[in-house]
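Each of the next two complexes has chain A plus one more chain, namely chain B in the first and chain C in the second.
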Partner chain A sequence: MMDIINYLFETFSSNMMDIPLIAPIVDYLMKIPVINVLVALILWKPFFAVIIMPGLGVLVLYLLYVVWYERKLTARIQWRVGPLEVARPIRGAIQALADGIRYFFQEAIVHREAHRPYYVQLPILAFIPVLLPIMFIPAGSAVGIYTPYSIQLIVTFIALIPITIVAIGWAANSRFAYIGSVREAFMYFAYEVPFIIAVISMIFLYGSGDAYVAVEKQSAIPGALLNPIAFIVYIIAMLMATSRLPFEIPEADQEIAFGPFVEYSGILFGLVMVLAYEKLYIMTLLFTILFLGGWSGLYCPLLGDLNGPLWMFIKTIVVISILVIVRSIYARYRLDQALRIGWTSMLALSIAALVVGGALGVWLS
Partner chain B sequence: MDEYVLDIPVEPPKELRSLFIPIPPEYVEDTYKSDDFLILVGPQHPGSGHMRLIVRVKGDIIQEVIPDPGYVHRSMEKLAENRLYIQNIPLVERPAIMDAPNFNLGYVRAIEEALDVEVPERAKYIRTMLAELGRVGTHLYDAAILAVFIGHTTGFMYPFALRELICEALVRLTGARFTSSFIIPGGVRRDADESTLKWIYDMTLAMERRLKSFERIFINNPTVIARLQDVGVLSKEEAIKYGVVGPFLRASGVEYDVRKVEPYEAYDDLAWDMPVSDAGDGYARFLVRVNEVGQSLSIIRQCIKEMPEGRVISEQIAENGNDIRGSFYDSLSNIVLPSGEYTTLTEGARGTIVFSIVSDGESNVPYRLRIVSPGWLYLRGFMESMKGERLADLQAIYGSFGYFPPEADR
Partner chain C sequence: MDEFIEFVRGGPLGPIKKWGTKWSLWPVHLVTACCGAELAHAFAAGYDGERIGALNYGIARQTNLIIVEGAITRKMARVLRITWEQMPDPKFVIVMGACGLQGGIFWNGYHLVKPSDVVPVDFFIPGCPPTPEALLRGIRQLQFKIETGEAKTSATFPEISLEAGRKPRVLPRPPKKISKAPAVIVNAPKEVDWEFGQKLVEELKAKIEAKSVTITGKNRIAVKVESDSITKTAIRLKEMGFDHIKNVNVIDVPNEDKFIVEYHFSSYSVKELMPVIVNVFADIPRDNPKVKSLANMFPSADYMEREMYDFFGVIFEGNPWMGRKFLLAPDAPEFPLRKDFKLEEEVYVR
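Moving on to the complex of A and B:
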């Protein structure tokens, strides 16, 4: 028993985050017998990257923030106040938490027509492709699993997400859910091809699917300036993929009443509602790596290894905060119009991006 | 692509009978056999209002829409038969609470026609102003509903914020935000003072400024234009054939406005244009109403500038010409209309409103009151315009018509 604990402690402490700011506290805690294993585990780089930053811990924080921020920003644009009553001193900032608690204690109704086992377990299964990419997303020296094919792997998992949503619509077995599923499937093909071509153009440009190589190559000029066409295609594909306006077509609440998720209630609805937000987070992390120089930024010696994850998180949050403004500017496109955009202009732009990326990649290497 | 006919036995769902859906079972069977799909939109649907639309779609294309209205029917016509003429004034306003002054005006004008009451000039100007305030309020409301139907929440909030100005104007003028029952046989309830009129004048200018930002974010928005242009087209012939009324008829290129054709109140003395469009699509229907808002604001300003002095209640009704308070019931409760039928046409915000009072000549309640609201008149054209469009266009067309079920159901 002690051998195992010692072995684990050795493993964890050999690869720990080095953060000078909290070094005295860590040193003190490392002297206490049982706690030191826990502290070593938390600061173990793979664990830190996956569970804390930029993984699950800040994902939860981000969800709380983005739901509130989106509502507040939309409200300010629309001459309103927005969420306020939950925690007035901080301007209703924990509104999403209050909503979450309400969802949790609300009755989750499973209607008679639903395919019960799939209907109940699919919202939870849908988290597998959403959360797995976090394993491969590096942030500075903190990385869950290092692989030279991390960008390809992340794209693969993102491509798996719509399948679960289509399955959710099928399991709900309702007309509007069925229409929503079909719309989701159509949109999936419309954005996925330009999206993957745009990512491939960036891989050509950097000459590798390794996130570290990509970030290193952007040390002088960020990817957004190296290949602006791919940048634009990626942003539009991101709006389509996370069903944000003007491409909020699968969930169009005035037309098909939240589409695939129409029958969900209670905590199940809470789970499916945050799916799109989490997908947005993962896609923005990849966006940051590909176009905005990833975790590079001003180095603060006090933070040590925390610099990378922190910069990555800040860039991601800034990008998302800019993206959510589209919700209050645009109306919803019709499905055929969105498909036309996806299969004509976006596809053409992405192929142009591929040419630019390939040419620049050859020239740079 | 070839179509294959499948001969599979179809059983119409039991809900057809229990939900009182107004389509025969054979229709359902025929739909299923021809590889179509029936979708019941409403009455509990975020994009249907208080009505059910039975939509027959082939893939994504709408083949036919059968309306199932009547969910907010309040039997106004029957209720009116048991009330005094003046007690009916608040009742007839209820169908379209945004457009209350126009409904009020139509009903009161029918009574005045029967009693042969001459309305003082100043009252006519105040009535015109009220009617135009109601029109602007309704058009803003409909624009907001159109915006939220195509997913533009900012386009929903701006007009509702602007409508607050209209409500404030009505509060200052009449004392109620809407359904003010301000227009009475022989004039209006009381005179409007200078400061109120000045406030309304300034309000119209302020509203025009704010409408600019609405124009930037919604009217000229490329996504909005993409959604509405060439959608739900009604040609001139179709619009006439299906009896479409109001701005929706004018959007199809027919120059018909009751205010121009049979001018009532002060419309004849004022200078204003009739916005017309030839396109007949959803965007034209919207733009015509947007332009009408501009015209209405101009009419309101002209009314305030040119308003003559004098009494606001006819001598035939009350002695005090400036205020009916204190003598309202004495002067008006016992009016008895001479026997006959009296019909008026009024141009409401959404189209022609028909009021028809039948009196037996001896009782102080109407024998029969017939209300035909514009919603009911253009329902047919509304349903026809959706044929051949996509399912996602249903809400866009709905919003472009500004259909208001309580108004149509009465």
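Moving on to the complex of A and C:
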């Protein structure tokens, strides 16, 4: 028993985050017998990257932030105040928490026409392709599983998400859910091809699917300036993929009442509602790595190894906060218009990006 | 309704449940009337209901509050009940406006249902329509109810005993007898300068066995016929170029023990006849109200005949819809526009 604990402790402590700011506390805690294993586990680099930053821990914080921020920003643009009275000193920042608690304690209705097992388990199954990419996203020296094909793997998991959403619509077995699933499938074909070509052009440019190589190559000029066409295509594809407003076609709440999610209630709706936000988070992490220089930034010696994840998180939040503005100032495209954009201008742009990326990649190497 | 409040407040997790539900009352709004405009106002820039955590949602499944705006008719009662049952527990109901409270301007109507008979109501907001402030105050009151567990009215009035004040006025009494109504005259003649009309009257007199043909105004002619010769008259008018029926009407004249059935003929195809409306009317007995239908000849008469059956119980023989409710709800009382239709007794509260 002690051997196993010792072995675990040595494994964890050999690869720990080195943060000078909290070093005295860590040193003190490492002397206490049982707690030192826990501290070592938390600061173990793979665990830290996946569970704390930029993984699940900050993902929850981000969800609370982005829902509130979106409502507040929309309200300000419409000359309103937005959520306020729930917590006046912090401008109602915990509104999303109140909504989440209300969802959690509400009845979750499973209607008679639904395919009961799928209907209940698909919202949870949908988290697998959404959360698995976090294993492969590196942030500085902290990485869950290192592989030289991390970018390809992340793109693969992102491509799996719409399948679960279509399955949700099928299991709900209602007419709005059906229309929403068909729209989701259409949109999937509209954005996926330009999106993948844009990512491939960046892989050509960096000569590798390894995130570390990509960030290293951007040390002088960020990828957004190296290949601006791929940058534009990626942003538009990201808006399409996460149902942001100009392309909020699958879950248009004014016409088809949240599409695939129309029949969900209670905690199940809380789960499916955050799917798009989590997808946005993952895609923005990839966006940061590909175009904005990933975790590189001003090095603060006090933070040590925390610099990488922190810079990555800050860049991601800034990008998302800018993208959220789009929701409150644009009207919605029709399905056929979105499909036309996907299959004509975006496809052409992505192929141009592929040419630019390939040429630059050959020249740089 | 109180079981929901008990659920929200009860248990070891009560404080958390209470807090979450209180600050996240998402209303689904069931608009039947003008109160919907006030609700839009309450959630727009000026008053901004989102401040107190209420977010308007169009979908019943994801909400926990229903705001009923306006009068609920017998047909809408079903919709209200279905919407309420679609919502997940715990759920609350706020009824807005005087119509939902006691009927408002539709008070004592044959078609009206009180929302409190259909769903358990938490709060009423009086007013016609209530102001946005009143609506937001209703939502605040519901929040207080969730927090403290007791429903309180937000308005308080001083109590005055009836004896202490001035003597109660003598209230008007219901009328003991109904005086004889004057005869209903459909074909009151009128002198107008209308040459074509004179010609038309001559032509009609020659072709139709009418009791009387009168000019009742410019471009208006009234033709009185026997009730069994309406079909014959319609055929003649069709030959003359009158190709559609604009209106079917029934007048109840209980003191003469008769219904007057009117058909208004006009034309779309002959240019001179376009402005002309010929009113063909006949008296039918009140105890056996039967008349031949014109729906086969003039399809536009079909719906209006059904409607007249709904309201007056006049049977148009040959129309296949007779004996069924058309526009009224299936459980509506029979023939509500007859003058001897009994409404609820007016009650004065002293």
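Going forward, the second predicted complex is superposed on the first by the 365 of 365 C-alpha atoms of A that agree within 3 Å, B and C clash if a C-alpha of one lies under 4 Å from a C-alpha of the other, contacts with A are read in each partner's own complex, and residues count from 1 in each chain.
To be clear about the criterion, a contact is a pair of C-beta atoms (placed from the backbone, for glycine too) under 8 Å apart; a residue touches a chain by one contact, two chains touch by 3 or more.
Bear in mind that the values here come from a model prediction, so they are computed numbers and not experimental data.
Partners chain B and chain C, brought together by superposition on chain A, fit side by side with no clash. Touching more residues of chain A than its counterpart among chain B and chain C is C.
Using the contact criterion defined above for the overlaid structures, shared-chain residue A:A257 touches chain B and also reaches chain C.
For the three-chain arrangement built by superposition, the Cα-centre angle with chain A at its corner and chain B and chain C at its ends equals 20°, in steps of 10. Look at A:I109: by the touch rule set out above, it reaches chain C but stays clear of chain B.
In the superposed pair of complexes, A:N36 makes contact with neither chain B nor chain C. By the touch criterion stated above, A:L84 is placed in contact with chain C alone, chain B being left untouched. Judged by the touch definition given at the top, the superposed model places A:S321 against neither chain B nor chain C.
Applying the stated contact rule after C-alpha superposition, one finds that A:R175 touches chain B and leaves chain C untouched.
Using the contact criterion defined above for the overlaid structures, shared-chain residue A:Q152 touches neither chain B nor chain C, since it reaches no partner. Think of it this way: put the two complexes on top of each other by chain A, and the tightest Cα contact between chain B and chain C is 5 Å. Where the contact sets of chain A with chain B and with chain C meet, they give residues 78-80, 253-254, 257. Interface residues of chain B facing chain A in the complex, by the touch rule stated above, are 39, 45-47, 60, 147-155, 157-158, 161, 217-218, 221, 223-224, 226-227, 390-395. Across the complex, chain B is touched by residues 74, 77-80, 175, 179, 245-246, 248-249, 252-255, 257, 327-337 of chain A. Touching chain C in their complex are the following residues of chain A: 71, 75, 78-86, 92, 95, 97-102, 104-109, 253-254, 257-258, 262-266, 269.
Within the complex formed with chain A, the residues of chain C that make contact are 8, 13, 16-17, 19-24, 44-45, 48, 50-53, 55, 58-59, 61-62, 64, 86-90.
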